[in-house]
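What follows is a set of structures to go through.
Both of the next two complexes hold chain A, though its partner changes from chain B to chain C.
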Partner chain A sequence: MPISFLRRPEAIVVVVLAIAMIGIGVVNPAFWSLDNQFGLLRSNVVIGIMALGVLLVMISGGIDVSFPAFAVAAMYLTVKGMIQFDYTGVALPFFAATVIGLLLGGFNAFCIRAFRMIPLIVTLGTASVVRGLLLGLVGTSTINVDKMPPQLIDFGKTDLVNLTLADGSRYGLTAMILIYAALALAIHLALRYTLIGRSLYAFGGAPEAAARVGFDTRKTLFFAYCTAGALAGFAGLLHASMIWLANPRDFVGFELDVIAAVVLGGASIFGGKGSVPGTLLGVFLLVMIKNSLIIMHIDTTWQQVVVGLVIIGATTLTAWRDRKRVA
Partner chain B sequence: MKTTGAERGAFDFRRLVNHDDNIGQLLLITAAVFVAMAALSPEKFLRYYNFESISFTFPELGLLSIAIMVAMLTGGIDLSIIGIANLAGVLAGVLFHRLAPGASASLGLSAVAGGIALALAVGVVAGALNGLLIAKLRITPILATLGTSQVFTGLALVLTGGPAIVGFPAGWNFIGNGKIGGVAAPFVIFVALAAGVSFILSRTAFGAKLMLIGANAKAAVFAGLDTERVVFQSYVLTGVLASVAGLILSGRTNAAKSDYGASYLLEAVLIAVLGGTNPAGGRGAVLGVSIAVLALMLLSSGFQILRFSNFLIDFIWGGFLLLVIAINVTRNRQR
Partner chain C sequence: MNTSLIELRGVGKRFSGIRALDDVSLAVRRGEIHCLAGENGSGKSTIIKIMSGVYQPDEGEILIDGTAVKHLTPVESVRHGIQVIYQDFSLFGNLTVAENLALNSFLRERRRLVSWRAVRALGRRALDRLGVDIDLDAEVGALPTSAKQLVAIARALMSDARLIIMDEPTTALTRNEVERLMTITHAIQRDGIAVLFVSHKMREMLEISETLTVMRNGRVVVEGPIVDFDEASITRHMTGHDVSTAIYSRTHDAGLAPRLEAKGMTVPGAVEGVDLSLRPGDIVGLSGLIGSGRTELALALFGMRPDHGGEIRIDGKPVSLRSVADAIRHRIAYVPEDRLTEGLFLTQSVQRNILASSLDRITRGLVVDRSRAEASTSEMIEAMQIAAPSGTTLVGNLSGGNQQRVVLARWLLTEARILILNGPTVGVDVGSKAEIHRIIRDLAVKRGLAVLMISDDVPELLGNCNEVILMHRGRFVERYAAGAATEDVLTDRLRTLS
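And now, the complex of A and B:
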């Protein structure tokens, strides 16, 4: 049992995570407070949902740098629409944001499939198109808390448990973590037990072989990018409801964090590798490292350097792991 | 057959246009952009000042585009070029402030030479780091340079603490704003480096190996090429080109910051692809990229004269990139 566990790609993340947690806890025991842990889990939700989408894309052997732009477009358009029509529900807006993301993701898949172009370059282009259109035509001003639809804010405020600190201030564990868990479970099951999920691994491992054994590779590709877009759109609106404002310039550079988290979780950019549990761990590790710089009294200007080093370290490990397999 | 210089030039040109219709197509696009912009706003676009200002601003983008093209030749990409450029400018700025706290603007030529050496060293070291990760450790270029770009940008942020570093010596500003024989200094640097890279790619063994590796990496290995070394060196070359771009950028604006020119990355990719570079490797030429930069700069200056919003320009660049990809595909299918 222990040996088979260590062979799993997630094992290394678990080990790194454990070491990092102990280290941070030693520097500042406040890390272990329930307050801080709840805060960490809360920070996992939005980046984690997006990471699930990127995981699918990376298993298919591609990469997506356009999903933050899609998320911001879905969020801003939906919130604007809610204000415009005085809409008071929450379900329909989330559905709309998801559909906006889905359609944009479909456009990615179309370009990649029809032009046989490298996903990185296609998604760089679509990201620029979507952000440019949003800021150029829809608007550049942030929708602040006083203008935000109150139902959306109330939804984001929902807590699972609510506790009171010694000094009287209240804190809780956001219920959004349940949505994240449900989506993660759905993607996990889809990847493991459905034909389309298995076709992703086959396509990512060897596209030509996948096509020859009869997988509909067009469907596979659209599934990966559409799901990534849909999850990004959903997460975008969720983000707005959790921070109580909608900023059309949000999520700039966010793709780096998400990709870093997915790679940390063991996915390989060459495709065919990666799992939901690994990604969840990768997301948690990245969020924890970024958030803990503050409680470890490290200047926040170092954050970017640390994220970069984490990406380099994780990819080096993955490359080393994959090379050993070949040898 | 021996020919005189002039004849050979003409011969070369005709061969270029006939042989590589990409160059002809590019020249056509450039001419069309020029005519369209001249027709839309003749009194503003067709001024000497407008073209002069283009000759000052286009070398940065041109060098970055050539840098990314070099990385694309082996089927890779370098997303850290902007980070390298900014780090080079920031480190030089930090050096000047250390040498003469409070009076860095009055530093002499020897200090400027030191700054240039430091900036170029940043390019070499950063490029070598990318090359090490990609060629030796076999990390995918996208992820490796995504990571290093964070590190370079982050280091520049740590060094500046956020705000821009200002107060560069006069000699440094000359690099970005001066004139050599009536021609913009950045333009002179660009032409010299573009010619150098063009020579390296088309006339040296290194260039030939690069193209071979890009065209078929496996065949290159079986042919006995030292793939690792060539790829490593190509990323060093990319890093140096990026650092020169950073040098010019900080000289022109008299400032260096960790997040300058963020939009340059997309534009550099667009220009490289527009200029006939195959992002999957094996094909690309400095001449094509140079013409593509010119076309884009004319277009962008025209948009500014027509008072397009910056966001709409972002949209147009992205759309243009997708359009160029689509056109390339349909053209290749027809063959």
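And now, the complex of A and C:
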């Protein structure tokens, strides 16, 4: 491997991922089966799309813990609306869910900007308000598969390839992975090749200097939080269509998984650093670890321990890397 | 004479009733190197902010190229070619050199997309124009301060600058780096660009500027070609009174027994066996480049390097200095280089800071004797002439000079007999500096303290020490008695070491 590759922050994730995959493969040879790999990729989609949004926020030097609440609100409202109006399309609902998330994200940005508030506090607050309002005003009951709009379920069922196992059961690779890939590419290009994308890095690295140089930092902030909200809203509805139900209490504790994945992918909690390729790898690594714990029949409570340790480990590693660079 | 690039006429500015600027007139001509001098709080920063459009003057007018500008905004100021290089450089440490250099142009052209080929080309052009070689792909955060400054200057030039204002540009630079900055400044000037240095370092002003403006208390006190000034006159204008520059010489008996005697001092990796002797009333200067071992020697004497070797005697008795507690017990005091991070509690009161190292002495049983605490601190505040409204003022709200006095006061309260000072006047303005020097001399003469003064400031060493030692690679390479060396000799010798 060339040295320049090893210097890239993503290199650590690649190495860790490779070691983890080999290790898990040794313990459980079924890990390498196409069936399992397809399943893994499928589990990447929703958490990955949310992670792309959180990546933007973290590069800007902020943090977002409200996106699971926004996702659930966008998902539940849209599904309720579809049932209410007997709507049969798919595109409009996804558009609606995205817009709901975008507006809520805009509210985050507004509070942070207008009241000069710490992003963690603002997003903790909006998350609580949105979840509360959803359950209090819209409903508390899960919409099950029998009530779910069928076209949503069909959309979620779309496969890229379809194969049959020896025992006759069928499995496939979900087409949703294409949506994930397209969004990842779009965010990657935006971060790398647009001035608004670069303004996120500048703002996250030195907010004061960004304003002095002439960036419209208000636009930067709204871009980060609105995109995070929009991606969360979209991912929320996608999640419902893939699991065939809409639960207004869904996504609890999701923020930790997503933040862990983004940090694992090399983003700095202090802002100014992070990339889409790194995030994709971080998401894959986290999903794979959790998935393997399930296969090994390890209790969910212990999975939380693992996610917590991953966050601490990964942030320590990135912080150590950043400090070393300064020294 | 051609018209000025920027001119302030009778400018005044108030902040919540307090006059920051009073009837200030100042003109910077095209292509000249102008120096704006003044102590902290004299109004220099306010002038920078008015020229860059951050503040609007309450009275007076701003003329650019001879035309009055009604309401100068930051954007307009930049469009008129005025660029400010702040002390923190306003660079992005997480981005590469190339991107830092290119972003301004992209923003000015209101681009939406970023071409990385254009980024590199712009970066290359900016560095070439300055004639410096810095890796375009390096992250700015990983560069040394001097390189960051060059990037900031290169970036300013990219914005079609006609006037570059540099705020205290030499504060964090070594001697060699300052000289390089001077060379580059001359190169910039050859391109017809004016430079306004805002500084309180006199030597550099005299070396580089053509015109000097001195401010005091929000007013311009004097202005003219630099040849009309010398260090003493600049200081007089800045402080409003003469600052004594008499050389410190010992009047004591030369046969006095040493207070501190160190033989064969070693610190692994830093000090290679040196002999040092301090008599009561001595002020011994110690200089050398960063990494010469001077700080390690000081730390060893203060018990912070328990791995040191050699024999240390205080008043003739061998002592072991393996911890700070040991050192304090033997009445050794150390004022660190960076008083802000190592020596002071900024969010605590003056009183608490002064008492911090003497608490056990004024404690009865388990409680602090409040009246004794009051009495001894107010005595100190007066003796050290600390300009604080009261003992309860937070140290963070004091000026650099007064903060330094608080640190000194704390150690004097411990009844120290050996005082080690590391860079006692770094970042302190001229007036306070002279005052601190006077206090140190007084301590040596009247209280018989033995002082070891580590400093980079050659005039400070020559003016205040009865002996100056140069250290290099862990050894003492040169010793000068008071009056035996001139500034040039010492500066040249230091240069040959680098």
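One rule holds in what follows: the second predicted complex is superposed on the first by the 320 of 327 C-alpha atoms of A that agree within 3 Å, B and C clash if a C-alpha of one lies under 4 Å from a C-alpha of the other, contacts with A are read in each partner's own complex, and residues count from 1 in each chain.
Here is the rule we go by: a residue touches a chain if its C-beta (ideal position, glycine included) is under 8 Å from a C-beta of that chain, and two chains touch if they have at least 3 such contacts.
Source: prediction; values computed, not measured.
Chemist: Of the two partner chains, chain B (first) and chain C (second), which one does A:85 touch, if any: first, second, both, or neither?
Modeler: After superposing on A, A:85 lies clear of both chain B and chain C.
Chemist: I want to verify the contact counts: of chain B and chain C, which reaches more residues of chain A?
Modeler: Touched residues of chain A are more numerous for B.
Chemist: Where does A:209 make contact in the superposed view: on chain B (first), on chain C (second), on both, or on neither?
Modeler: A:209 sits against chain C, while chain B stays out of touch.
Chemist: Could you say whether A:193 touches chain B, chain C, both of them, or neither, answering first, second, both or neither?
Modeler: It touches chain C, and chain B stays clear.
Chemist: Based on the superposed arrangement, let me know which partner A:259 touches: chain B (first), chain C (second), both, or neither?
Modeler: first
Chemist: Under the stated touch criterion, which partner chain does A:115 make contact with: chain B (first), chain C (second), both, or neither?
Modeler: first
Chemist: A:272 contacts which: chain B (first), chain C (second), both, neither?
Modeler: The second partner, chain C, only.
Chemist: Inside the complex, what are the residues of chain A that reach chain B?
Modeler: That would be residues 63, 111, 114-118, 120-122, 124-137, 140, 256, 259-260, 263, 269-270, 299, 301-312, 315-316, 319-320, 323 of chain A.
Chemist: Mind listing the chain C positions that touch chain A in their complex?
Modeler: Residues 74-75, 78, 86, 88-95, 99, 103-104, 106-108, 111-116, 139, 141-142.
Chemist: Tell me, which parts of chain B touch chain A in their complex?
Modeler: It comes out as residues 77, 133, 137-140, 142-144, 146-155, 157-158, 161-162, 265-266, 269-270, 273, 279-280, 309, 311-319, 321-322, 325-326, 328-329.
Chemist: Taking the complex as given, what residues does chain A use to touch chain C?
Modeler: Against chain C, the touching part of chain A is residues 192-198, 201-202, 204-206, 208-210, 212-215, 268, 271-273, 325-326.
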